């Protein structure tokens, strides 16, 4: 039985893992870089050890140092969180060799899923749908046309040597097949001196839908339903929700079965996520598997009622899954927004710095995962995510209303954050309707820009407030000419007026 | 449709109500006493109006002033929260007359349930079990004995003119009936000049179990299951949980039906709570009905998944209930602890004062309802409750583990709080087992006392830390003799040592 | 300079032996500690000792007196320098009975039951103070004579504020 | 003393007419406001105007320059007194091109692409800075000549710190 876990991570996820440790009576060991001495995960752990300088490759990615610290502290297991070493097969393997339990899958599963081509082949063999397309370059024109007809329209024809959009053709109509392939080939030849092409199914309105799975070491595997993660910018998820607003019970069941099959195909053990690309008609295709805990795992926890970190630890302990598929159901609706220190009006530029004040919204249905506190300086070395705000509601409409309420009373000063941007997302009709695709943010740039919404009255009041503050400070700073406490004009003004008004 | 609600309350419950208002797109109006200008509910509302001096009877209980403010602000409804005017029939009636919607039941329901004797008679008529006993004083000895036999042992014989334990006899065995009644009567005669007695069923191991109900204005009423509230001190609830650890599905269903019958007996509309006293064998008896939102309502929200304030507002709008009884079920386990500013080692003496720091525990399954913030001074005029900490877990064990974890990382400095006391409750085996009664706190005073648990090592480290802080401050305070910035010995010490160590 | 600290009533010698940034070596009594000690928020220290993490929140009652909150309990620490040793020696070591009544918390005076000059028996109630709807009676322990009454009924009072003084 | 405030670039006359505790009357331009204004936390004000509640958080950039956070947006407010009017008049009203390059946030210098004395075309990249795994290029707007390079590759830098100066 695991008694002490080293968490090879920082920030909110380190604290997330420590919470479950504490709830299970397990000791937690933090590791930290020199830039993180004052980070909350250090203060929150039972033990903490410095593992090197600020840059990740000299600390959080230093496999040797982490193994050494685990041994020194007597930790019997390591939880890698997400990012850093979490999908590093060598690390998983090394832990095994050292007799330390790695809370995650073995090297085989990580390696198989980590390589796109191997993963694709493994999924095909397991009967999990992948995006239809050619795996070898095609030179022959007739073969290309035949392949397109097999795959079905629309398809994307891509120069196999290509890049930068050259030699790329979207084919939507049957009559355009021949001319498009010809054009792509000649363009490819001109640009790259090679007219071989790949053909891939084109997903018109792509949705990113993923399934959470849990598998034990005894061959049991269940899924914990889907998460809809189509609100993305630069391929980074910004808002996630579950259930997906476009899902049907039939497709959910089928996708869930495929997700379980995908995990079983690599003898997976632990918590993992199968990502699918899905079109408007709910045709879905395996994209990749994340062989670790996902950033957005809390929305599944809220709706399915399972503590995923607790289950990860149970699985690592060699226990059998506590749930059968039929024990699980979705209950209500959850949304997560990721609060970043960034300037959303300036191409999402990171905005590190010192947090002066932070006020968390609280109350019914609100969950926070964070490591920020008043006066904390967000280091420049790591991901600028400040917190994950998760809400639960009886249904999607309630959850959206709750998220709006929570974002509206979430105050962070000192650094620019994505809070106002996220709040505007909640107002976009396409988001409210729920049929949005991964193009959502780029399709709504105008609606998502910050606007001057303060009335003239409001800006007058803001100016008066600043002026009052200025007067108060000026009085406080005034040097005493007579050696006594400085006479405050601001205070005197209040007194005088009070008297004249009597 | 209600568009603007005045919340005739303060503290966490005012903010709780405003949250639901905001989520429903309803404007909220705060009222505040002069002591509460800097209270969070004022800052959180869309509008705020001062309604008088600090003492409640000149502000939060000033019916006229509140009605006047509702009219001035154009509020179309008033939510009374709990306490203050929430169970004031005259206030409910007055709102009706003024054309303002009172979010709560009508005067008839409040009056009927507010008077113990009327309530008891109404419940008897509705077939709801009440504590068996006499409603009229008994003078005749034979009649007394006959009544005792009818009620069944054990019973309590009480002087009808009594008080202070005089003329009171607990009868547990059949052979003691006659002698006990005689003794009680003669004692009563001696003490009060009147030998009439009341006889009441004595509940040996009492549990306080209450049922949440919701009723609309169209005669529909449902219950939202029970809350176990037996952990009490001085008849004030300290810890609540749901489901009750002693409940069975059969008794739950029957008690639920009786709770609904109780509400229907007074044509109830709104949210309300039926309190029952229950013995170890799950015999239960109506105690009273609280015709308002309960402090501990969040645990029901967490387990049943219904926002009770939202439903209150829907009902006040004249809508039909959105749920039928069969739609509702209990999902997991929730526990609430009430965090008070009090000295639990000193007879729970209130400990108002200024909150220096407050760190809320966050993460999975944790909910806070509070109005406290860094630097807030808890006023001496009102209830010293700082926050309600609610956790949800998949089962009772997980919920207890989570509550321990949350209490352990909940930091409030500046005032004494009940946090360590509550944390000790989670450790008491009788609490963990779950069969506790309302005598729980008095039966475990020793286990619940604060203990010195810091090791010698820990107190050495505490002393060194204080000493370092003392040195740092001393250096900072040292006046500059040469007019330059003061030379810091503490800093210089660090530099010198750093150099000599190279 | 040599210092002592009084920890929960017990005097111990204390000394900082070395310091490099957060890393300090300190001796207390006969024991030497190598610590990584950092003030992470104003008044809140994180102390790592042999890997183990301790969080201490300091509440300064005076420049030399601290209540250290260790999560589990509160430890009183007083820095004893030459000045405080002198002050202590003058007191004669024995704590005397307070010559005034005060409350441990802020509140409002409900009732004053004594008059100036009045002789009181030990156990007699002097004043009733309410805070947060709860009333508390404050009594004299021994026989005393009221010297001065510093507040009146209805007054709002601070914690530790003298309310009634005795001869 | 007469004051003006500059609100998001526009100058307005401002005056406090009266004050009793939190209650103040202020005139801005031609409009008079009766307010209940309270600093509820350091730098955080609650302002009640005709019952409506406004929460403002002040971030002082200098003693006279504020960014007021109104929840929905950030408003720049500068107090204009005789001193700042004079300073402004000397500037000639027109903003000049900065004679150095700086970044709006702290980060680390990845690459410096210029040398001292080098003549640059408008649009040329001067320096690449990374913050939080994202690299940003900083360019000159007009043709400039590099005067001094104040940092080197690998340096950690603050926001608004001059990195490279121009003639």
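Chains: A, B, C and D, in written order; residue numbering restarts at 1 for each.
As a working rule, contacts are C-beta pairs under 8 Å (C-beta built on N, C-alpha and C of every residue); 3 or more make two chains touch, one makes a residue touch a chain.
Here the structure is a predicted model, which means the values were calculated and not measured.
Student: Return the chain whose centre of C-alpha atoms lies at maximal distance from the corresponding centre of chain B.
Tutor: Between chain B and every other chain, the largest centroid distance is to D.
Student: Does A-D or A-C have more contacting C-beta pairs?
Tutor: Pair with more contacting C-beta pairs, A-D versus A-C: A-D.
Student: Give, as an integer number of Å, the spacing between the C-alpha centres of chain D and chain A.
Tutor: Chain A and chain D have C-alpha centres separated by 32 Å.
Student: Between chain C and chain D, what distance separates the C-alpha centroids? Give it in angstrom.
Tutor: 46
Student: Centroid from C-alpha atoms only, then distance chain A to chain B, rounded to Å. What do you get?
Tutor: The mean C-alpha positions of chain A and chain B differ by 38 Å.
Student: Chain B: which residues touch two or more other chains?
Tutor: Answer for chain B, listing residues that touch two or more other chains: 373-374, 408.
Student: What are the residue numbers in chain D that touch two or more other chains?
Tutor: Answer for chain D, listing residues that touch two or more other chains: 41.
Student: Chain touch graph shape: choose line, ring, star, complete or other and state it.
Tutor: Other.
Student: Which of the chains touch, listed as pairs?
Tutor: A-B, A-C, A-D, B-C, B-D
Student: What residues of chain A sit close enough to touch chain B in their complex?
Tutor: Those in contact with chain B are residues 15-16, 19-20, 22-25, 44, 298, 301, 305-307, 310, 331-332, 359-360, 362-370, 373-374, 393-394, 398, 401-402, 404-405, 408-409.
Student: So in the complex, which bits of chain B are touching chain D?
Tutor: 29-30, 37-38, 42-43, 45-50, 72-73, 373-375
Student: Within the complex, which stretch of chain D touches chain B?
Tutor: Contact set of chain D toward chain B: 22, 36, 38, 40-42, 46, 48, 51-53, 55.
Student: Spell out the part of chain A that touches chain D in their complex, as residue ranges.
Tutor: Residues in contact with chain D: 343, 349-353, 356-357, 380-384, 408, 411, 413-414, 420, 450-454, 457-474, 477, 493-494, 497-498, 501.
Student: Enumerate the contact residues on chain C facing chain B in the complex.
Tutor: 3, 5, 7-8, 12, 14, 16, 18-21, 24, 26, 28-29, 31, 33, 35, 37, 39, 41, 43-45, 47, 49, 54, 56-60, 63-64, 66, 68-73, 75, 77, 79, 104-108, 131-134, 136, 156, 159
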